[in-house]
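Order of writing sets the chain letters: A, B, C and D. Residues in each chain are counted from 1.
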Amino acid sequence: MANLETGLAMINVLFFGRLGDFAKQVPSTIEASTPAEIRDLLAADFPELVRELNQPQVLVSVNKMIVGWDQPLFDGCEVAFLPPVTGG
Amino acid sequence: MANLETGLAMINVLFFGRLGDFAKQVPSTIEASTPAEIRDLLAADFPELVRELNQPQVLVSVNKMIVGWDQPLFDGCEVAFLPPVTGG
Amino acid sequence: MTDRIRIQEQDFDLAEEYQLLRQTDSAVGAVVTFSGLVRDFEVSAEGAGSVMNSIDSLSLQHYPGMTESLLEKIVEQANQRWNLIATTVIHRVGDLAPKDQIVLVGVASQHRADAFEAAQFLMDYLKTQATFWKSVKRNGEQQWIESKASDQQAAARWDGSDDK
Amino acid sequence: MTDRIRIQEQDFDLAEEYQLLRQTDSAVGAVVTFSGLVRDFEVSAEGAGSVMNSIDSLSLQHYPGMTESLLEKIVEQANQRWNLIATTVIHRVGDLAPKDQIVLVGVASQHRADAFEAAQFLMDYLKTQATFWKSVKRNGEQQWIESKASDQQAAARWDGSDDK
């Protein structure tokens, strides 16, 4: 449910690969209106994680589609932070 | 055994691929001193075969090594005429 | 076009997948398979100064839902670029030991150039586009694998022109 | 380098050959296999105006002794150009039916680029350098297969520079 006072959406956040190591204490839902805002909200409590998120190769997806950091978010969106992939 | 009168070597001859179809009546040994001479000796009796041998893509081997048409031959040499290969 | 895409923890059987590819159609003249295996070491960096470290095990994480749809897109692109009869992509996730199979790409086509090129394309894109992350354990310590510039370069050769 | 070269009438088992390639060494990270199959038709000419003729069977002749030494040379060249751990080349001769396996090339290496490129090189050279000749039967009549310009072109790309 969106927060009625702030108008912000409740977002499910996921961190993959090495990002997950720095995000173990991050709550699984965060109120924010863009992925960039999620990152900014984490800066105070998780400086190491945010340093990693600021690496230029890190991509963001919303509902499993790659998007820009300023993609508007809606209630129930799933936002994932993706370091460079290493499959195959 | 080489022919003592002519000095020519006795050569075993082989024809592969489509050349074999035209060479069914060719004797398996021929007296000659080069592959080119074998071809010339066959011209009278096997004109169709020699027309095929004159195709520029036809290669000659002596003792299983690709050689030129003027390669000197010795007694017991194995000469093979090879049309373009089509394996694989 | 018969496409099989699977992400799974269990091992795969190359022989079985090959028979499926081979028997799709009597027009199949060429089948190429690529298998990726866990080596017992990892190279720490590319180029000079690289160090080979032996590993105990490898672990593969992926983003369920997203990976499947990315693999479907990659296979669709291969089908658009080449004349393919059947394609198989299997990628394992979870914990793997040295010598284990990680990934299988198989392509059946009429002619060999299509199968060879599509298999290379699929592997290059899989390495750089699909949401998998590898970590290794050595002496009990987990470490994430760095992505390789050489994989980015390999994938980049397919961009732009329709040709290599 | 473990090289296996065979010319034989009997069929081969890709699964068995794959296991041999895979188990050569714990440094193997990539195995590429190529299988050539008999299609149920042959194209009579290349380019426009080509006609597809269905076939009853295919027959492969070779030059015993010469073929083996040519295949050894081709595999040796591949080992010089790429960093390979094991190579398998099996070519069948005699009478084959549509859907039968004709040829297998398998390459094991540390990295995928070596295995992919060496397998393509081996097939291209095998098609243009090794002393095999194919004929087909249709309606009981035997006909020799023409060599393809596209195979010559494919082989030519490996000449000259060490690179494609």
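In the analysis below, contacts are C-beta pairs under 8 Å (C-beta built on N, C-alpha and C of every residue); 3 or more make two chains touch, one makes a residue touch a chain.
Treat the numbers as computed from the prediction; the structure is a model and nothing was measured.
A.B. asks: Return the chains shared as contacts by chain B and chain D, ordered by label.
C.D. replies: Chains that touch both chain B and chain D, as defined above, do not exist here.
A.B. asks: Moving only from a chain to one it touches, give the least number of moves from chain C to chain D.
C.D. replies: 1
A.B. asks: Centre to centre, using CA atoms, which chain is the farthest one from chain C?
C.D. replies: Farthest from chain C by mean C-alpha position: B.
A.B. asks: Per the centroid of Cα atoms for each chain, what is the distance between chain A and chain B, given in Å?
C.D. replies: 77
A.B. asks: Rounded to a whole Å, what is the gap between the Cα centroids of chain A and chain C?
C.D. replies: 28
A.B. asks: Please compute the C-alpha centroid of chain B, do the same for chain C, then give the distance between them in whole Å.
C.D. replies: Result: the chain centres lie 51 Å from each other.
A.B. asks: At which residue positions does chain B touch at least two other chains?
C.D. replies: none
A.B. asks: If a residue has to touch 2 or more other chains to count, which residues of chain C qualify?
C.D. replies: Residue numbers touching two or more other chains: 36, 123.
A.B. asks: Can you give me every chain pair that touches, using the contact definition above?
C.D. replies: A-C, B-D, C-D
A.B. asks: Looking at the complex, which residues from chain B come into contact with chain D?
C.D. replies: Result: residues 14, 16-18, 20-21, 57, 61, 64, 80, 82-88 of chain B touch chain D.
A.B. asks: Of all residues in chain D, which touch chain B in the complex?
C.D. replies: Interface residues on chain D, with respect to chain B: 36, 60-63, 65-66, 69, 91, 102-103, 123, 126-135, 144-148, 151.
A.B. asks: Using the touch definition up top, name the residues of chain D that touch chain C in the complex.
C.D. replies: 14-15, 18, 22-23, 26-41, 98-99, 110, 112-113, 115-116, 119-120, 123, 154, 164
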